[in-house]
């Protein structure tokens, strides 16, 4: 009885994290209806997970695409929420089938997979979206608008930290295991959170560093993948910056922070307190912006009624629903292939620089 | 295709606030499906609002109850999200029809209406829930558990403030107008936010003040209803406390805060930073509790991924879904008639005390 | 070799707290030189305390006043830092001798003593200062200036809390013992910290409540003096307010906070973070003022180099040095007899109201 | 009449900043008495500055040392508070004369001057102290104790930021001018605040990085000296770290922050809120330590009565007074020649690495 966009999902079976997040995000504003899925590579788990959600279950994405295409109420978009190395195959198949893709980040596990997705997207009439959810938060959108209109003047200094502590020890879990496996994840902290930090800096500043110098580390003894990376940035404009990501910063839960300094002012933001944006106009008191000042209206409740991570994700889904319904007004604020490729380039450049003992590498 | 509980709604048409919140809360965890509604007393708005949501529209709640009862997929529960003076009629009708009620707070506009609802609830097999959403937030549930297990010792001091600034001027809006009208709202700040503060203190401490002394004010010139109230509390145990609510505390968005002090420790919480609970054990450093310490598991994402107001509301809806499905494990943490009556008593006692120049009034 | 003002002291021997604070405050800016004292009523302690400070020791204040008067380099001012009930005698003796008095708060232990001091001050050419040190902090002085120039419009709501936890248990110490003894202290939390709260509200707003209603408590079993008080305020202007003081608010160290709301904006300040003043202009983002915005220049170091409690005290001593040197520019910001009498009236009115079960009492 | 240590001063005339700070620090605890000085290289300013302080004025430090040596009450120690390039000459002269030196940081403007001071110190019976004041703050001393006793386990990550905004524009002032002049300052942000950050990291962790990689910048067009530097650190233990210092981080006042992560916990501290130390034991809630937990007792007032920058400086002066009086218990926490030389090495290595495009340089 509704006009919701029928959505399929690849990945996200019982025990997964990000699949559940995508489902809530799709549901929150009532713009999508999850109707089908290949929720797991384990057929039994796929079926039981689908049953508990009341959706159609398929053994593989090829079958889903084929069978759904035959239904009048079949899926029009697919959320890809698998481990990194399993993004490329379903995404490319969807794009070839003309089905829009909503893909979790990073784009892929390897540059080759990333290139293949990009090629498929270029050849398709379907759209490709990458869920860099933090850039959909209201105060980040406001920060971007402030930078664009000159509120901090000429950009001089950028610092983005993304600090977590959940891999401080050699933990094992469904979430941790594939992220610690180079074959499935491609890279560790660089891929999982580094690409968020990279995209956030790009999104808000509108600038991409020209070269970077990195020290990528495996801090926990025996770990096979990077769990800490410190990256220095140089912009063509002369601005300097840094990205520091860590999954062994014990005590941090999800410590993503952004600081920008320009010739005329500064901006400060922290994800764990995401509804505050500090703007310091040069020579004046700091101003505490809240959603009352967000001109993107990326929220549902009045200021002071905290929205957060899930609503940020839902903002993306809502924008995507607009776009899929033909309203392209906000196309430029939804990350897609370009953001995905840039993130992959960041990972590779950081790895190369670190391998060369910190040599500066061009982006 | 789903097993969601079919939900109806009274109120919540275009331009309403809390109706939209209830809809998101019902949708978030996928436990309810809104299928029918009397979304407005204006038939045209009711119909167009329902159409945009893709649900069945009814001209009045009597018709909805009758027609839905005739459908195999008819509503099993109704959310009442009208102005205060319009809670009693639909709630009582639902209860008489054996339909569960999820009612926004306060219980009613007058003690008489409240008593009538209570009587209907007592006579019905259906359940009645009151959406005191703040008490469904994870760290509040953890605070309650901590108090219950003695973490702060014997309760000595309680202070709950609920400060907003949106009525600082003589604003007019759909939200403001009925809240400022004594006929529709019953009371002003006392009803709209005072009952939240009252219930929160009760919920976390497990104690109800024995008597109160109040100074209830109309601060904005020309206002017909209270916009500020300062209430002193005395508990039978000897504990003292205070509730301060204001809608003219300029600059505050939704400043609900709770502070408890006992013989062995203290707890501090603020709604606008709802995922932090400060626990100070006597003689030791303050501890910053996050969802990582919440033992009620009232959340969907890992600590550090902020959830907030909508998720708190959704926690209530999720608990209600459990209860309606026969799982009563969490019945005691979902507010119902008793909480509603207690809130009405708080309003009346505060008005009486203030009218008697602050005389202490027994609860 | 210096031109410092020779200072005497009554009280402040080994083990005392506030005497040491006065000495540091007098020393910090190099405007006073402590040269003589009656540091203790115990002659041996008095002598040894004076010896360790390298100052002249006297057995009693009468002898000190007489002998110092005979010296060309004798004391010109005396700091009175005894328990409350021992303020009146030395203060009156100094005033009669034409020696300026710097007296710790509250003015006295009883209204009768207070009146006697006031009478002596009125009859003397010497000056009387009361060290309400918090009102000498730079951001408090800036807050006062902002209120005076209309930054928050017409005052509507005032709340001053002063919460400490050090008397949560039945502790015994030199500091605690006299404060818990009604004979020496006069009143408990009301006198020790309530008068600070009262003076701070007056100082910043420029208004004095017309009537108050109080609930004064002895929370700790067996305590002979108030350790918690909740006071409601009504201003002649229609503004409402509250003062809450407690010494059993476990976990608080020195939690003095001030919040003001007017028709056009709000101000927020907390002593434990005293170099931040939040100003919220109505409808605009909150502004975080620092010493960079303090126009009273009541500091020694650039903003960002924290000054605090001792420097606040030293600001008073520095202003007093100016006044004693004939520069009266800042006379109005140094508390004196009027502030002392007002504080005594606050204590008595709060006690009377509470004894009458919260009846409103005129100030 | 006092037993205070007679102190001389070189530098610190009217208009100077740090000289006044040293004077207050020396005065605060009454352990020193400033009696003589060469307060300026401008004889008139020197004389008038001395007169206003009531101290003996000398035209040059040689004369001061000679004449004071002839007095029974002559100076026993000298505070050197000149611009960096003027540290060496007076410091060496004092050391040769057997007069203890309290020197502001950095040690000198050039490595050659630094070496000369070190040589003189080694050859002298007099002591040399370097006022890295931040390491004398109580919670920093507590942090050091916590690290030493294993509270965070094996050190893994270190980040010290020191961010100021006062040189965002091309300002001119007595403070700014010499700091922006390579001849007087030696280096810019690296020397002025970088050495503080470097020393703080060393002091708290007890470890010195083995190699560093730097990007040292002149952000403001036309500036002749570094105003921003980003330095990556590698420790022999495998720990990684970073120091970021900037004087163009607009909006920052004195933003010195420290974060340490180990295998078992983390510590967080910020100078502008210096009386809070966050300790996160792995897997447990963060603990907010205050002075109530400081076991070094480096303070004068109870917790909650903010002390800060001046008191931190005074802690150094107090420790120095102890040492000069023969009490060496706290010798290890007062920075001296070794800290000074290490700071100079940090500056040179950062400059070398940056000149070699970020090549890692051994310390």
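Chains: A, B, C and D, in written order; residue numbering restarts at 1 for each.
Methods note: contacts are C-beta pairs under 8 Å (C-beta built on N, C-alpha and C of every residue); 3 or more make two chains touch, one makes a residue touch a chain.
Predicted model only: the values in this text are computed from it and were never measured.
At the subunit A-subunit C interface, residue numbers used by both copies make up over half of all numbers present, so the two copies contact each other through mostly the same positions. More inter-chain C-beta contacts link the pair A-B than the other of B-D and A-B. Computed centre separation for the pair subunit B/subunit C is 43 angstrom, with centres defined by C-alpha atoms. Centre to centre, using the average C-alpha position, subunit B and subunit D are separated by 55 Å. Rounded to whole angstrom, the centroid-to-centroid distance between subunit A and subunit B, based on C-alpha atoms, equals 35 Å.
Across the assembly, subunit D contributes residues 252, 286, 290, 292 that each touch 2 or more other chains.
By the touch criterion stated above, subunit D contacts subunit A in their complex at residues 152, 156-157, 159, 165, 168-169, 213, 215, 217, 219, 228, 230, 232, 234, 238, 240, 242, 244, 246, 248-252, 261-266, 280, 282, 286, 357-360. Interface of subunit B with subunit A (complex): residues 1-4, 17, 20-21, 23-24, 27-30, 35, 53-55, 164, 166, 252-255, 271-275, 290, 292, 300-311. Subunit B meets subunit D in the complex at residues 278-279, 285-290, 292-293.
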